[in-house]
Amino acid sequence: MEDRFEKGMNILKITNGDKIEEIFKEFEDIAPDLARFIVEFPYSEIYTREEVDLKTRELCTVAALTAMGTAGPQLKDHIGGALNAGNSPKEIVEIIIQMSAYAGFPAAINGVMAAKEVFEEKNLLPVK
Amino acid sequence: MEDRFEKGMNILKITNGDKIEEIFKEFEDIAPDLARFIVEFPYSEIYTREEVDLKTRELCTVAALTAMGTAGPQLKDHIGGALNAGNSPKEIVEIIIQMSAYAGFPAAINGVMAAKEVFEEKNLLPVK
Amino acid sequence: MEDRFEKGMNILKITNGDKIEEIFKEFEDIAPDLARFIVEFPYSEIYTREEVDLKTRELCTVAALTAMGTAGPQLKDHIGGALNAGNSPKEIVEIIIQMSAYAGFPAAINGVMAAKEVFEEKNLLPVK
Amino acid sequence: MEDRFEKGMNILKITNGDKIEEIFKEFEDIAPDLARFIVEFPYSEIYTREEVDLKTRELCTVAALTAMGTAGPQLKDHIGGALNAGNSPKEIVEIIIQMSAYAGFPAAINGVMAAKEVFEEKNLLPVK
Amino acid sequence: MEDRFEKGMNILKITNGDKIEEIFKEFEDIAPDLARFIVEFPYSEIYTREEVDLKTRELCTVAALTAMGTAGPQLKDHIGGALNAGNSPKEIVEIIIQMSAYAGFPAAINGVMAAKEVFEEKNLLPVK
Amino acid sequence: MEDRFEKGMNILKITNGDKIEEIFKEFEDIAPDLARFIVEFPYSEIYTREEVDLKTRELCTVAALTAMGTAGPQLKDHIGGALNAGNSPKEIVEIIIQMSAYAGFPAAINGVMAAKEVFEEKNLLPVK
């Protein structure tokens, strides 16, 4: 069991960096197992597989969360993760814009505004 | 007509307690009929039926609203309602976690965070 | 090209009035092309067509965004647009209430609360 | 009670014509009350109100169901209802196309294809 | 690892009975790991927990899938699972009807029609 | 204008190959402008931009449509497009599986089954 957890944590350290502890703390007094499931299932069992690289995986997740439009905080987390996995701000914005065709302009606009908040914190504006 | 309204109000008093007046007041100057429809249709015509008890009904509603991910304020209201109908914090959190399998982790995480806010107000943290 | 942009801007001036500049500014340092796409595609190529008038178009958009439940800021913008296109507050609220049948009460409630915020800013409360 | 049911049935006779019996029959052995709720709540309590006319109501419902993308059979029913309430095929198609901007092209395409099936049955193709 | 898989299979045998092999076979030549993840994550790690019993869990899943409206085949599977876990046809239909209030009538109607197909195969119609 | 249309058609020829005529024909008698909008807006104005390559764009679209779960026919089209743009069946399946974490297992299962249909037609099963 330990092994699965560690494998997932190794990916999370790349994508979420020093924010991990903060995330775990949020779940501590209400649903610590949910935090463990996230580490052990998607991060350990899916993101570690070699079929697709981490950079592309994170970009696809940004696309999906933008299109769904129901996962504001997670979209921001994964925009950060997409940056950490090697995507440029421009690539991220480009894929969010692309979602206007599949999920409509409101989804794309809200995605862009989420990216703006993340980029602002990291001094990545303006996107060139 | 009065009768349908009263029947619905009797359920609402159990699930929403002393918050009811506040809710009605919010609708007063814009859509009082919508408030009336909610009392007269779901609370009066559905929740009063004996096929399923109120405790289970509220838990199912928490499950559905968590999975939909588009009804933040109503999810919080129904987490409160689920407590008032006899569900323990642990049961509520458990069903929200279960939604990760059907609607994804972001939906479950946002559901857990909604529960955390409700439980915090009621001094029900940590959930044991 | 200029022509398509101008055609779209002429509609936007009716629906969004003096808020347009503010909107463009928000996109400026992150995704100016997305703002241009919105002017050139829906506003220029769809809203200008004569098959349905602007008043009805905006009311249908309010209906759709209320039902989707994922486009909070855009719903508020289009409630404003629906007013500017000639819908009364009562008509707008009525169509939002109608959505309770197709997308559930939470969608309708959140739609009504969005309308309340817009109407409040414009001193249109109470809706009679 | 009878009264509410009758009021709703009067609208349903306009929008769904001779298909009503068929619809009730489908629910008969599993959930007859759900059919009754539909007549008594949206058709009786919402569609009868004078704030918005039936033609516009049905067009807004077509917009919403197209955008939601989860209600295939009901979208077809309401495209039929929109015709019966006085909308031309062109108006209906136009509003479905408009949804591409708010819910993406797949939603609009699926809406158009639903309309095509309805129009074909009624010999309304090609739409001019 | 074997252990997690077996734990999940024990639940699946209760909820899906003799259909399990068929399910695994469908995934065999395209995504066998996805089938394994489903056994090892939700069925092994969530459904085995004692906080909520299997009967209630399956009813909550039926509620959620009905409300989401995007999971036709899975809704039918879980209606079967809900029966196998001890829910009566009437309880299942009741919770599906309840979803009309949260996700609209189309979601509830489509849920009821899914239940009708499942009940028909099992000679459980009419529901009394 | 011609120019925008041609630019989009050049991308469509890569992603959809000889199916394009068939697609246009479907829209001919009901909404030819919608087909034109699709060529001129997403294919011409978004997919031609150099920020992200076509292979990655199509994979992101597969991710988003899988997660949304409301675009069955379009998901199949874009799984075909993803193959034509250079993605292997394994990469496509991998990204669909990844969506289980963000949109739940039903979305991922339905995505995998859509891929199975596409791969079957192209003799790409079993995926290795």
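By letter and in written order, the chains are A, B, C, D, E and F; residue numbering begins at 1 in each of them.
Following the convention adopted for this analysis, contacts are C-beta pairs under 8 Å (C-beta built on N, C-alpha and C of every residue); 3 or more make two chains touch, one makes a residue touch a chain.
The structure displayed is predicted, hence computed values, not measured ones.
Asks: Under the document's definition of touching, what chains do chain D and chain F have as common neighbours?
Replies: Chains that touch both chain D and chain F, as defined above, are A, B, C, E.
Asks: With residue numbers as the basis of comparison, which of the pairs B-E, E-F or C-F duplicates the interface of D-F in over half of its contact pairs?
Replies: E-F
Asks: Between B-D and C-D, which chain pair is linked by the larger number of C-beta contacts?
Replies: Pair with more contacting C-beta pairs, B-D versus C-D: C-D.
Asks: Of the other chains, whose C-alpha centre is the longest way from the centre of chain D?
Replies: Centre of mass proxy via C-alpha means gives A as farthest from chain D.
Asks: Distance from the CA centroid of chain A to that of chain E, rounded to the nearest Å?
Replies: Chain centroid spacing, chain A to chain E, equals 29 Å.
Asks: As a quick test, compute the distance in whole Å between the mean CA positions of chain A and chain F.
Replies: 23
Asks: How many Å are there between the centre of chain B and the centre of chain F, using C-alpha atoms for each centre?
Replies: Result: the chain centres lie 39 Å from each other.
Asks: Mind pulling the chain B residues that touch 2 or more other chains?
Replies: 37-38, 41-42, 65, 67-68, 70-71, 74, 93, 97, 99-107
Asks: In the complex, go through chain F and note every residue touching chain B.
Replies: These residues of chain F touch chain B: 67, 99-107.
Asks: Going by the contact rule set out above, which residues of chain E touch chain F in the complex?
Replies: Spelled out, the residues of chain E in touch with chain F are 26-31, 33-34, 37-38, 42, 65, 68, 70-71, 73-74.
Asks: Could you pull out which chain F residues touch chain A in their complex?
Replies: Within the complex, chain F touches chain A at residues 38, 41-42, 46-47, 49, 51-52, 56-57, 59-68, 71, 74, 90-91, 93-95, 97-103.
Asks: Under the definition above, what is the set of chain E residues touching chain D in their complex?
Replies: 68-70, 93, 96-97, 100, 104-110, 112-113, 115-116, 119, 125-127
Asks: Contact residues on chain D for chain B in the complex?
Replies: 37, 41, 45
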